[in-house]
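Common to both upcoming complexes is chain A, partnered first by chain B, then by chain C.
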Partner chain A sequence: MKARVAVLVFPGTNSEVETRDLLVDCGADARIVHWSEAASLAYYDAFVLPGGFAYEDRIRAGAIAAHDAMLDAVIEGSEAGKLVMGICNGAQILLEAGLAPGTGAIRRPTAAFTHNIQGHFICQRVLLRRDAAAERCAIAAALPQDALIPAWAAHGQGRLAASSEHLEEIERGGYVVFRYADVRGATGAHLAPQGSALGAAALTNRRGNVLALMPHPERDAWNFNHLDRREGEDVLAPSGGSALFESFVTALERM
Partner chain B sequence: MRDLAVAELDDEGLRARADALGLALRVDELRGIAQRLGRAPSLVELYAFDAQWSEHCSYKSSRALLARLPTSGSDVVLGPSEDAGILHLGEHEGERYGIVIAHESHNHPSQVVPFEGAATGIGGIVRDVLCMGAEVVAVADPLRFGNIDFDRRHQRAVATGVVAGISAYGNAIGVPNLAGDCYFHSDFDDNVLVNVVALGLVKESEIVHSRVPAHGADFVLLLVGKATDASGFGGASFSSVALDAQEAQSNKGAVQVPDPFLKNVLMRASYRVFTLLRERNIEVGFKDLGAGGIMGCSAELCSAGGFGAEVDLDAVNVAVDHLLPEVIAVGETQERLLWALPEELVDEVERIYNEEFSLPQVAQNARAVRIGRATAERRFQLRHRGEIVMDVPIDFLTGTVRDTLAAEAPKPPRTQRERDRACDRSIGDLLHATLAHRDVCSRAPIYRHYDAVVRGRTVIPRGEADAGVLAPIRGSRLAFALSVAGNPRIGRIDPQRAAEHAVYESVRKVVAVGAEPIGLTDCLNYGSPRDARQYGELVAGIDGLARAARGFDLAYVSGNVSLYNAASDGHAIPASPIVACVGRLTDVSQCVTLALKETGSRLYLVGETQRALGGSVLASLLALPDEAVPELDIERAVAEHHFVLSAARAGLLRSAHVLSDGGLLVTLAEMSFGCYAARREPIGIALDGLAGWSSTGSYESLFGEWGGLVVEVAQRDVERFEELASSLESVREIAATIAEPLLAFEDEAWDISELHRIWSQPLEELYP
Partner chain C sequence: MESRAYAVELKIPDNEAYTAMRALARLGIPVARVERADLLVIASDESDDMLRERIEHDERLFNPNKHRLERLSDMRPREGEVWVEMLDAPRSAPLRRLVSWRLFDQAGKPLGGEELDAACARLLCNSAIERAIR
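Up next is the complex of A and B:
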């Protein structure tokens, strides 16, 4: 039987449909689970937290959702080794919940994705280079060594921020799974469009079963999203950003 | 009951009382109401008529003129009769799909409180599309701002506040911003234009109408959304009078407060109700609460179905106690919609909003609540605290009101250029100045604030082609294109041609991505209809819109009229008809972007040069105010568009870009700049000498804005392309693409990266 993936919807989530669709196209049995159905979450094998503005980004992006009843199930699942992927607002929630980088206690975050240096929302194409930590992040492990994943940065609070001690721990401990890159694959803090520390776009946890990813690969994930770079004849087929979702599904199948 | 003793007051006394009550109704209208009711009208009734008979709701100055516009055609599923129009997109798996489109202005609110005014503009237009039973799939934002020079603090604050408001609202509800444009002109200093467009997707068999259905006597009126508060009281009449700077402050209470967070949930809950309606196959009514609030919406929803209505204002969920009945009745609190449902569905729909989507937990006292019913008797009744506070014939309230107005025809535009232009500036110097002009330079600093790709179905985002393209149906290759246009530089000179060019440019932009134009919307932004000259501009504009649309065989399915766009000194904005065009792609893989694709290609101009610089960026740079505006030969344009679409479908176009603001050199430069967005090294262009392709002088050829477009054809396709073009005289090879990153013309060559830097920077300063 296929592994069951829950795509979580909080009040304010807005990217649930395309996230579910891409998971399905990559071979997962994915369903949208609404906040009024939190009790059903225990039934799922993996969790994906899609983008949006859960609880209106009140206090900080992700801060309220991290205390939602749905997160109880996600935290429990994560501790049991289930795969958990958060994209954009989902990534912010995972940091606020302390699941990534997970160097502190649950719901006591040690790092946050916070306000961009521009002080406003940005929407632009980005490239993500798989970093060494991907070796031990189950969700990204099936990607080729030097994979460059196309995605969209679309956020007002996407800048990784933490104390210098915590940032050093994140870097030294190998928690950075993706960094912003240029077309040749070079990385560096200056390539992060919102000023993210370490040029980081995604973090995992110590166990490697959690991925908190700020940009959206699911918005550059079918041939029709990038006609100039299409792969194969079928314009409706997944390609580009779908590579990460395929890796996610591969990891699920191995579990 | 509080009322106004109309019959006992003389005209002067009546005007004074009406002004004190904040009523914009005229004395003759007030007397007509009292006469028809046969008694002194209650205050609630007066505020109701004030909203319902305002320009905003009644179109009293423009209704007769709008009848001149074509509104039917083979692709029209629903013309401009309800909250939004519908165009036929195509079929997928045996289902017919329609594109729902609505287009409005939120000019006055955005001038007074830019962030909230623009945000509620998006909020309102989205509801107009939602209530047709559609999933909202895209928005667009044509903007006109004032002079934003460094010392113009107020104009700069408005220009940044509007963009922030559109960004905050559209991003949060999760609808991609697919198209838009922006012009800066000091004639908008005191009156910006914020137009908004929203698109939805609906199966044509599942359209929900903005009326109680024929069998709907006793249908329950179910109000859903935000708790009614005191915001937005007087909104409809506020947007129907000229702005006075002194009064702008006191007008702030008339502006609504946006809540995109609640709207996000409200939209998703409504989609769930659409599913329920599909399962039950029951016809119902659904309408957005806009101008005139609960009163306007319930009256229009019921009267459109041939019914009256009874509404109990005490049943309305309110945010604060002790609201006056007129505030509950006509206030324009945002994020509300009204269902007309048969009794057997009401409990289930209430459960969806209140429990499954827990509206009361999402926003204070937000919910679905029964407030009244449709009645066979064609009266409109409101109750408050056991008393009937309004009781009028419903057709008198919602029926047609018309003003007869005097129009003065605009002075005939010049058709010939007056004199030879002496110009000592080089082509290179003018190219730099044009690329840096605020009407030409990169819009990325603006649209970067907007989510272009949420929902994952965006094919071409803003900046990568002349129209945005989106493939809205999962599993289908069907896609639509969306463009907007309306050039205020032409509007200032020639109102009729401004309208014709708005249509032509919006259509041309859709064609440039390889999409077949299928329909239009219009938003008519003009000055006061009580000024014969300004009203004359509206008349000329509508004639221009009608002529151009008929020429392209297109219909208007939705639109809006925004009048009284003038500063307190009576100085009106330039005539600003703004047009949106929807195009259809039966196979999304055939769409064309603007970035040059390869070296060794040939570039063709599709269109004729003209000796007419009127309305061009060059004319404003060189201060040439009295030039003729280019003529529009629609028949030729239709043939050119037909040809471009054939070439696109045959896969012969590598890239395409319209000639528009700034002229030909700008078009070519932008095609080269497109490589940067595609993360490729820029491809250069060698432009042939004029002798080979143009009969006009170099300024007109290189900077004239006469329309047409430029297409890139790969060397291997040249033969097929030229064969296809053989019946057209207006297709000429003008340039070739080259490996060197240069734009070369005669013995000059400009570095693409330098041109790109000049073009990219100007708006960065205001939108860092």
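Up next is the complex of A and C:
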């Protein structure tokens, strides 16, 4: 039986269709679940929180959604070991909910993806290098070590920020799963286009079943995403960003 | 240079304040009304009239169709009020931008200290990136 994945939609979410489609292409039984259907979430094996502007970023990006009834089910599921992935605004929600890095209490965040250093929205293609051991995060475990995943950084608030103590704990505990990288795979804080601390693009939790990822791999997942594709290429063929979703579905199949 | 604080408040219904009230109520905090304002703390030698005019003509800060501008008589939060500022915002900048939240209970009284602390810690201020000024 295919793994059942709920793609959560809050008022203001806007990337649910391509997220659901990519999960389906990778072999999951993925369905969109709206905020009024929180009671149905227990049925699912895993949760994906896509990008957008949940609740219009009121108070802070992700702050209201982190207290939504949908998150009650996600928190309960993550504590039971279900996989949870948040992309862009979904990642901001997971940090506000304290699910990633999860170094504090639930709903008492110890870090945030906050305003870019340049003070405005950015949109650019980036490369992400898996920088944590396979056993550290189940969702990325099927990717080769040092894999480079293409994605789109499209956010106004994608800069990881936390106190120096918490950043040290995040680094020491191996919570950074992906870092911004150059084409040779080199990483460094200077490669984070928005000034993200530790050059971090994605964080996991202590247990390794949650992934909060700022850039969008689902926007570089099919050939039709590439303006430079060659004549005659299959536009629906998978491209680089799909590898992370394949790894996510592989992890679900192994559970 | 003298520092002065101005509140830019919505004169149309404030959906963000309403959403905050609903979320706080869901957290069990007994709040019946929330007022929100953007605070501008400005260090300047200009007269109050000149400063007001500058703010009211800066479209990044003020839209006359939906905002009202008030100079605060005090440079600290009132009863039931908290100011939230980004931790990495320089406190000596000529223009500091903060957010004011003022919470009231069912009887219209400003919320007390313990309840205001809970509202800050649980929703209004992410202490990883923001400071709450009481």
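Just so we're on the same page, the second predicted complex is superposed on the first by the 245 of 255 C-alpha atoms of A that agree within 3 Å, B and C clash if a C-alpha of one lies under 4 Å from a C-alpha of the other, contacts with A are read in each partner's own complex, and residues count from 1 in each chain.
Rule of thumb we're sticking to: a contact is a pair of C-beta atoms (placed from the backbone, for glycine too) under 8 Å apart; a residue touches a chain by one contact, two chains touch by 3 or more.
What you see is a predicted model, and the numbers here were worked out from it, not measured in a lab.
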| item | value |
| --- | --- |
| Touched partner set for A:82, first chain B, second chain C, both or neither | neither |
| Partner chain in contact with A:67 - chain B first, chain C second, else both or neither | second |
| Touching partner for A:21 - first (chain B), second (chain C), both, neither | first |
| Between chain B and chain C, more extensive residue contact with chain A | B |
| Contacts of A:130 with chain B and chain C, given as first, second, both or neither | neither |
| First (chain B), second (chain C), both or neither touched by A:96 | second |
| Which of chain B and chain C A:179 touches, first, second, both or neither | neither |
| Overlap of the chain B and chain C footprints on chain A, listed as residue numbers | 55-56 |
| Footprint of chain A on chain B - complex, ascending | 164, 167-168, 171-174, 260-261, 264-265, 268, 355-358, 361-362, 447-459, 471, 474-477, 479, 587-589, 591, 593, 595, 597, 677-679, 768 |
| Chain A partner contacts - residues on chain C that touch it in the complex | 15-16, 19-20, 23, 26-27, 86-88, 121-124, 126-130 |
| Chain C-touching residues of chain A, taken from the complex the two chains share | 55-56, 58-60, 63-64, 67, 96, 107-112, 114-115, 161-163, 166 |
| Residues on chain A engaged by chain B in the complex (per definition of touch) | 9, 11-15, 17-19, 21-22, 34-36, 51-53, 55-56, 118, 120-125, 127, 152, 154, 156, 183, 216, 218-225, 227-228, 230, 235-236 |
